[in-house]
Structures are given as structure tokens and as C-alpha cells.
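Next come two complexes built around subunit A: one with subunit B, the other with subunit C.
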Partner chain A sequence: MTRKALSQALPLIPSSVMIGVFFLIPFVLILLASVATLTPEGDMAYGFDLSHFERFLSWFYIQRALFSAGMCALIAVLSLLIAFPFTYMLTTFSDRAKKIWLIYILAQLSLSEVLIAFSWQILLSRTAGLGNILEWVGIAEKSFAMAPSAGAVIAALVYLAVPFAVLLLYPALSRMDRSLIEAARTLGTSPLRSFFTIVIPVNRSAIVSSSVTIFVLTLGAIIVPQVLGSPEHWTLSVLITDQAIFNFNLPFASALAVVLLILSASVIGLVMRFSGGEK
Partner chain B sequence: MTTSLTRRHFLGTVAAAGAATLAAPSISRAASRTLRVGTYGGFFEDSFKEFIYPDFTAATGIEVQSIAVPTGEAWLVQIKNAARAKSAPTDVSLMAGVPRKRGADQQLFRRLDDSKIPNLANLPEHFIERYDDGSLYAAGAVSWYITLCTNTDEIADEPQSWNALWDPANKDLIGLLALPSNSYLLEITAATHFGGPDILQTREGIEKVFAKLEELVPNVRLWYRDEGAFQQALQDGEIPMGQYYHDVAGLAAAEGFPVRSTFPKEGGVLDSGYWIVPEHAEPVDEAHEFINYICQPEIQASLSRNVGTAPVIDPALTDLTAEELAAVSSSQAPILPQYHIYKEHGEWISDRWNQMIGG
Partner chain C sequence: MSGLEISNVSKHYGAVTAVNDVNLRFNKGEMICFLGPSGCGKTTLLRMIAGLEEPTSGTIHFEGRDLTHVPVHKRNIGMVFQSFALFPHLSVGENIAYSMKIRGHSRAEREDRVRELLDMIHLPGIEDRRISQLSGGQRQRVAIARALALNPEIFLLDEPMSALDANLREAMQIELRKLQQELGITTVVVTHDQTEAMTMADNIVVMGKAKVLQSGKPLDIYKSPVDKFVAGFIGTSNLLPATFSGNGAVGFGATDVKYSAANGSFANGEQVLLMTRPEEIFVHKASETRPENAIEGTVTFVRDIGATIEILVDCNGYEVISVLTPKDDPDVHVGTKVFVEMPPAACSVLAA
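Let's turn to the complex of A and B:
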């Protein structure tokens, strides 16, 4: 028995050690840094100092944290609204068409956040952007700049997130038992109604896990909010970068990172509990 | 078999390492006239390699090993970590204003001997940095100006004062750098509205300057971190006014873009990089020789022509023509960054700033 357990556990050791070394140790270092003291010379001394968390507890930083969470939740919802119907339709395509679409979507993942941010900046500018098309069509009187704005940040991050959403939803949707829909249809349910009463509930766990992934993914975005947003649209991640790189305050940057971590962990926990509780 | 092979391999490695260690003293003796010089990676480093180092080697016989270094605080962290291991990542290197101040507080830079750098006399006082005990630790290396830049198509009348940033007529038209310690807007505000930097020496004074600075926030369209993003918008006229680098704006204008760089009557902001020698750097004499070499008028002129930086010495000492000088600097008194306030009140300035621009 012990031998069997051992033989099962043995293959897991290398990966566990890897994860332990590469994820756990940096995490512990961040925790230690977040309670370290900043010496007057600008150096860091390990200790137990909660002043960095106290500094976070001002309305400004709390507001930034809430804004970041709210915006990323909105982006997760918008990405799912776009990706879910698309993926559902994709699963009904021919194998060849499916393959081409999936390769195309996979290729989108190779675009970095930097490229996406700067492309959207051009797309939303007054001189070379969409405004000119609106002017030409006659919707707008004169071309105008659409960035920096909250809409620009959200649009670019949704653009960044949709391919991930499609790839996360695809396995579940393609495995879905189509006979459920057929049964509903033969019993007289409209296509729209069967989509809402069958397709969505059946794939609930895939929807939950992909929205959580997108939420966490966009929470870490730093380039898009900087390039396409005004300072009031900068997320907590941008402030962390500022503190770590420009203000040389690693303890405060770590404290903000810990807050961000707690924030995303509690959102994930809540969502999991909420979606699990309904079962 | 496998074991013995591995072992032999191991022994071989040890032997090679041992040989290398034994050989090391002779290698370092043979190459004792080399100097590792760190400059900001990219255009800066390339220009130094092309225009400065070959002549330096020809003049002194010291070989230069060029090392690309980061611009900001990250470089100080590397120097500090190396110092813990009693080594130095370069023998002499460029260091920006604010981290230079922090590094000096931690005594990370070697004390330099004035008498070995006679050309130091060419430098004005604000380019010579000393520890409290009076010993030299940094000398001005290169400097550049931040000026008021405008798009000539959109802004017909050239603004004459930084006060244009506060003009209600410029609502939503302005681009400014996004950080207090690279925009130097506190210094600009102090020079424009409070008669100079004296007010910045106390926190109460800085608070007053912030109150004034806050008034221009509605005029700002873009708080930029990325130079490219603002330059594009300035050239297109999308954001027709803002603070920008004089040398790059000049290059854009030379390429035919409708951009002008103005030294406002209060002066342009003169930001600088300094030469420092990390505490544990070995070739100290060579480092002194290098700094002395760069402080020569003809080398400063060459830097202005080839790298686009403003001379750190009195321009009258150089053979730069009026035109060449105008391309990189101005004869007006500059606004000097108060690097020390970002160290002394760093956290508070950063929070106050974030609230001001994002609140």
C-alpha cells in the first residue's frame, strides 16, 4: 500500500519541487518585502513593519484597487459576451473551418500587450484613427480622438482577452452533448431559448473558469492602461510598477502586490463558492 | 563506466577552473589598462562606442570595454548588490540624478581624487557632487534640456513662458511627463510662480507648489511615460503643446515635422547624467583618467555634435558654433532639478502627485 502510494507520488516530485522553487519562494520573498522597513538611505531592511499597508489604506489607493477590480470584472463580462456565442457557433463549423479559425485565434496570442496598446492608440487617434471614418460616413461632424479614455482601455483589454476566452471555452463547448439541444428543439423550444436554458447552464463551469482567468489576466495589465488611459484609469498594477521601478520603494510595491493578490484570490474564492453553491 | 566518465569530466572541469584561476593574475596584469565604462544602453552607448572610446584609447592607451546600463534606479540596485559581494559591475558609469543621490547616501561610490582630474575646473559647481566630508564622488557627464514644445500648425504664436501650461485657453491640449521625478514640474512651477527653487526646500513649500501645479491638471490631455507616444501626438498636432526633450524635438523639426522647441523665459529644465565610480572598482587611476578626458572642451563639443547632449562645461570653452550650441542647449540660466527632494520627501511627493493627476 505504502509502496503503491509512493510510486504514485514519485512522479509528482519534480513538478512539485519546480513549482515550490519558482512560485513559492518568490511569493514568500514578496510577503517578507511587504513588511520590510525602508531605511533612510533608501535601502530595505527585513523586519515586521505594517506601515506600507497603512499607506495603502487611504481612499486614493483603495479607490484604485476597487477601480481595477471593477474594470477587470467588466472586461471579463464583455469578453465572455463576445467569445461565448462565437465559440458556440465555431463548434458547429466543419472540421476544416474550425482548424483555420483556431489557428487564427492562437496566432492572436502572439501579439504582445505592447503591440496591442500602440495599435489601438493609432486606431483611436484623431489624425489617423476611426474618427476619420465616422467623419467620412457622416456620423461625426469632425474627426476626434477617442484616447486616452476609459473606453479605450476597456476596448483594448477586451481585444486582448477574447482569444483567451475562446480557447478556454472551446473544449467544453465542443464536448457538449448536442442531443440535449435536439431534444429541446423537438419538444418545441426556440433556438434562442434553448441557448439560454440549455447551452449556458450546461457550460456554467467553463464560463466561470474563463471569466476568472480573464479577470486575473487583465488585472496584471500595465501597458494598456498607461498608454490608452488617463491617470484616473491606471490600475493598481501600474502603481506597483511606479513604486518598484521609479520610486525605488520595493516594500510598498510588494505591499500593493500582496493587496492585489488578496483581491484576486477573494474574487476567485467568491466566484467559485457562488457557482459551486448553486449545484 | 558512466560514473567514471562523469567523474573524469568533473575532474577536468576542476582542473580547467584551477588553471584559469592560476592564470588570472597574469591576465589581469596584461590587461591592466582596460576600463569597463557603463553608459545608457541603445543610442547613447552606440554613440560613445563610435565617437568617444576609440579616441580615448588612442590618447591614453586604455582599452574601453563598453557596458550598457539601465537609466534609472535599477542600475543603482545592481551596483548595490555587487557591492555586497565586494565587486563592481563597471569601473566608471553614468548615473541619473535621483539614484545618484540615493547611492551617495549609502556611500556606494568611490571617493575620487580632485588632483587627478584637473579638467574638473571646466565644470560649473552644480555638476560637481561631493560627500559631506568634501570629497568628490560624481562629476557631470552629459546633460539635456526639457523645454516647452509646440506644434507650429496648431499653435501659431510661440509661447514665451511655462505659464502657457496654466493658460485656460490650452484646456485639454497639453502633454506632460507622468512622474514627478522625470517631469520636474515642481521645479518648473517653482521657477514660474514662486521665483525659484527655494520654496521647494520645505514640505510646506512643496505643498504650496503642488496647489499651484494642480491648477494646470484640467489642461493636460496626456500624462506620458513613453517618449514615442507623445512625440507622435505632438508631430500630428493631436496634442499640440507639452514638455519634451529639446534635442529630440530639434531632430523632428529638422526632419520637417511642424514642431518647435522653446526655451521659456524661466529657462529650460537641465537634467543630467553623472560619472560615478562604484566603491569596489579596481582600475581607479584609469577611471580618473577617463573622467578627466571627458571633461575636456573638445570632447564635450564632440558629444554635443554626435550624441546630441548639452556640454557640462561652459560652452565658451568649446569650439561649438552658435548654431550647434542652439541645437543642444541655451545660454539662459536653466531650471535645475532638485534631486534631493525626491529622496527626502519621496513617498509623500509620490502619493500627493498620484492623487493630483489621478484624483
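Let's turn to the complex of A and C:
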């Protein structure tokens, strides 16, 4: 290796080591574990055993995988529906107002998933939640529990995802040339229509990449589905935790993790391919 | 028939006054240039005509119709933005046809009009290209075509040449002017380039510090600017401090200089400015007979570029520039003592 090539490679070593030690090696271990055999003593022996993947191929697990993907896609869409118009409005605020909002949103991110899950549990409970307000206002005859339910899981995950979506969309939206909207207006477009014909398409790549990020992020959520959902609302991530921690079946948990990884990788790939086609 | 009427229009942003009590009248079909340094309020005034800003007070009429509070998208205007503001997600053809699509014109109609407009801007056959594939000059033409797609009543351009390089700029000025005359469309151009304004405009509005300083035909403004700011902004001018002495003359040092026009009335002994244009004054060697209406000075710089000769003369510590044709070449060098002849017709008096 020449001196020049060496000096170029040198700065990359620390980061390569970091990625290797903390990401690549664990990933290889998971791959190995997913094809390992579970011994009767509950230990695992490395080998090449595809039985865990075969076990996944039952309707129960496929259904769980599809449910997870579907629910997270829905959450991504809902989050974007809330975050995009809000972020667009945020970029028109004064600098001071912008700063305050962004600080508030960043602070929101520091709340842990656990805290959010249990807060929503109270909020949706029969005795101390929204149901009581509905009863008081007279919309509902009697207070009722809104959790556990799919709606509760989705609501809490959207709540969790919206600040991320805002922060992901903000750079693109604040960089957008405002005169594009003005130009559309001078060409006879109403404000609402210019939002749909200009603002959204111009920011399409930012919308796509934040949706994918939200999708992947919520796919990995464990606590919210467990706390606010009944077992039929559990995502693949919850099942992985269940297998790894409570059933001591590391090989099967690893196999499920590999499936989850393939699932999210193929969604990212598909979306990138689909949205990159017109660029 | 009255065209564009701007009456008592002001625009305030908090304590800042962007446009201060502007009154202007233009005929239909004229090309108007708002000329001034940055921050003089010219763009704000243009945006108020477009409807992108609402005047704090005053009214804007076009052909007797009050436009003041009509929203942008209901005014029949076409606007070219400084950045051109072409839609990056649409092709050239889709950009040009955008307004027609919004108004519900059929696909065939749109395609015909796009072809027609691309021919007009001398870029036929590029309707399927992406905006990112176009050069700066092409983008400007496409922006013009897009703005004109629906035959607007008023055509507005905000610093349209600022993104182009110098050569292209000159060609586009002429082309834009030709196009405007062909279409007979009332056009307002904002610029800080006086040559651009002189090239294109029927009427120039010189603005400074949120106010209209002078408006009129380009040559009228050039020949009799109302004050030193306008004189300095439109063309090059020589401004010499002088004392008003009545009898159609001002005193510069010990010399009396006759003038033909005075902008304002002045008292005897008042300090004024004597203004001349470089191409209207002459330089003679001091060894020759002293011409009438001449002041003395020393040559400090000569620039002979063939077609014209520029001579800088130091007169009592003030610099005077004279631009001569080769036939009037006085054959002087740096250090030559000279007379600077200022024919009375070339001299006008401005407030100091």
C-alpha cells in the first residue's frame, strides 16, 4: 500500500472498528444463532438448522409479520399527515417562534417510550381517562376503557413518531424556495391547491425518506404494543422479546429478528426504488 | 384609456416603511422600469401590483378595475421571479402549461399553446426536458413563457436579468423589449441596472428610500434629472459645487458658468450643484484660445479605447470626466493644463 493510500485509509479505521465491533459482529452472531439448534437443556449449539425459519412459515407468524408491517405503514402515513402540514406552517413562523417550537419538539424526543406508553394507558383507562370526559360531556353513556386496543397502540406510536417526522421534514421544507409557491399563486392557483400541486411534490423525497424512517422506527417498538395492546396487537418485535426473554429460545428469536430485518430492508428497498424512478 | 394606476400606495412593516406614498399612472401597453438601489422599495411595489403583498394604504387600479384587495390568483397577471421559480418536479412543458391545467384547459389545447410559446422564446422542442437540464438563459425564457401562457393583462418581472451573465443579459434585454412590443402587454420590470432600464423602458420610475424620486421617459430623466441622486443613478454625471448668482449663471471658483436649465428656484448666493453629462462637454488645451463657458483644470487620466476617448480632469480639486469622439480628440496627456468647455445647453443646476 502506498503512503498516500495509507494516510487516506487511516482516519477510517476508528469508525470501521466501531461499526465492526458494535454492528457487524452482533449481526453475524444473530445470523449464526438463527440457524443454531436448541439443546434440550435450553442451551444452543451452533450448526445449520433451518427449523426456526420453518416454524416462522406458519400462518400465525406470517400474519404477525403482515400485521406489523401494515400497522407501521399506517402509523407512518398518519404521522406524516400530521407532521407535514405542521412543519410547513412551522417554516413560516418567525425565527423566535420556530426556535421555541423546535426546542419543544426536541424535548419531546427525550421522553422515554415507557413513560409515553404508561401515560397513554392512564389517558385511555376507564377510571381516569378520556372516557370520563366523554361521559361528563354526555357523548358516552358510561366511561369505558379504550386500551388495550389496536387504536390505542396506533395513537401512542403516532404520538411517538410525529416529533421525529417534524425534525426529518424540517430541513427540506425550510430550504424550499418560497417563490415557487408565489409563482404558483401568480399562475392562478389557490393557496390550498398550491400546497397539493407544488409543496407536496417538490418535497416528495423528504416525505418518502421520513415515512420510511418512521416505519422502521415503529417496527422496532416493543413497549407500546405490550402495554396498550392485547396479544393480537403485538408486533413481531414483541414476539422476538417474548421468545428471547421468556421462552429462552434464542435461535427462534434470532430467526424472527432476521425475518424482521429482511422485511424492513425490502420495504426500504421497494420504496426507494419506487420513488427514485422519476428522479 | 388609463392603464395601471397606483394611488397613494404605502407599505409599512412594523416601524419600517418600505414604500412611502407612491402615485403613478401608466398607459396600457407600456413597459415600465422601477429603477433604484437595493432596499429602495421597488420590489415591494412590484409585489403589491402582483398581489403578493397588500398595501398598508392606497389603491391599485388596472383599466379602472380596483385590484387592491383581489387575491393573487384572481388577478390576471404573469410574473417572472428573480430565481425564476420553475417547478423542479415538472418538465419544461408541464411548467409552461401549469396555469392552463389549473384553469382546466384540455390536453390538446395545452400542448398547442406550449409549442407556440416555445417557438416564441426560440426554444422549440424542449417540452420534455427537466428544469435541471436547462442553462440559466433557457430557464429565464421558460419562466417568461410560463408567465405568458394565459395571456395576462399585466406582465411583471423581478430583476429578470440578475441571474444571467453580462453578454446574455444585453441580448435578453433587447429580446424581452421586442417581445413586449409585439404582444403590447403592460409590463413592469424591476431592476437596479440603469442601462437595462434605458434599453427597455417606455417609462422609468427612479426610486430611492421608499419614495419615487422621478418618473418619466428615459431620455427626459437622463437630460434633466431632478436631483443629484437621480443624476448619479441614471448615466454618469459630473457634479460640481457652485454658487448661484442669478442671470442664468453659477459661479464655480472664480469662473461664471452659464446654464440652460435649473431644477428648482434658488436664491442668489445659494450653494447649488452644476451638472453636466460627460459626452456633452469638451476638452481643449490651455495653450489654445479660451472657449466660452469653460473652466480650468489639469488632466489626470486618459483612456483611449478607439471609439471613444475618456479624459479625467482635475478642476479645483473636483474630478470632471469628458467622453469625446476621436474627431474631437484634444491630444492631451496626463498633466496637460486644459480648458473644460461646458456649453450652456449641457449645463443644468440641481439642489446641493
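Convention: the second predicted complex is superposed on the first by the 269 of 279 C-alpha atoms of A that agree within 3 Å, B and C clash if a C-alpha of one lies under 4 Å from a C-alpha of the other, contacts with A are read in each partner's own complex, and residues count from 1 in each chain.
Note that in this section a contact is a pair of C-beta atoms (placed from the backbone, for glycine too) under 8 Å apart; a residue touches a chain by one contact, two chains touch by 3 or more.
Not measured: the values here are computed from a predicted model.
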Joint occupancy of subunit A by subunit B and subunit C, clash or fit: fit
Touching partner for A:D177 - first (subunit B), second (subunit C), both, neither: second
Partner chain(s) touched by A:P148 [first = subunit B, second = subunit C, both, neither]: first
Touched partner set for A:E232, first subunit B, second subunit C, both or neither: first
Touched partner set for A:S110, first subunit B, second subunit C, both or neither: neither
Greater subunit A contact set [subunit C / subunit B]: B
Partner chain(s) touched by A:S15 [first = subunit B, second = subunit C, both, neither]: neither
Contacts of A:S7 with subunit B and subunit C, given as first, second, both or neither: neither
After fitting on chain A: smallest Cα gap, subunit B-subunit C, Å: 46
Overlapping contact positions on subunit A, where the subunit C interface meets the subunit B interface: none
Interfacial residue positions of subunit C with respect to subunit A in the complex: 50-52, 72-75, 77-79, 81-83, 85-89, 98-99, 102-103, 146-147, 149-150, 156
Subunit B-touching residues of subunit A, taken from the complex the two chains share: 40-43, 55, 58, 60, 64, 118, 121, 125-128, 145, 148, 226-227, 230-232, 234, 239, 242-243, 245-249, 252
Of all residues in subunit A, those that touch subunit C in their complex: 177, 179-180, 182-190, 193, 197-198, 201-202, 204
Subunit A-facing residues of subunit B, complex: 72-74, 76-77, 80, 99, 102, 105-106, 178-179, 181-182, 221-223, 225-226, 229, 233, 236-238, 343, 346-347, 350-351, 354-355, 357-359
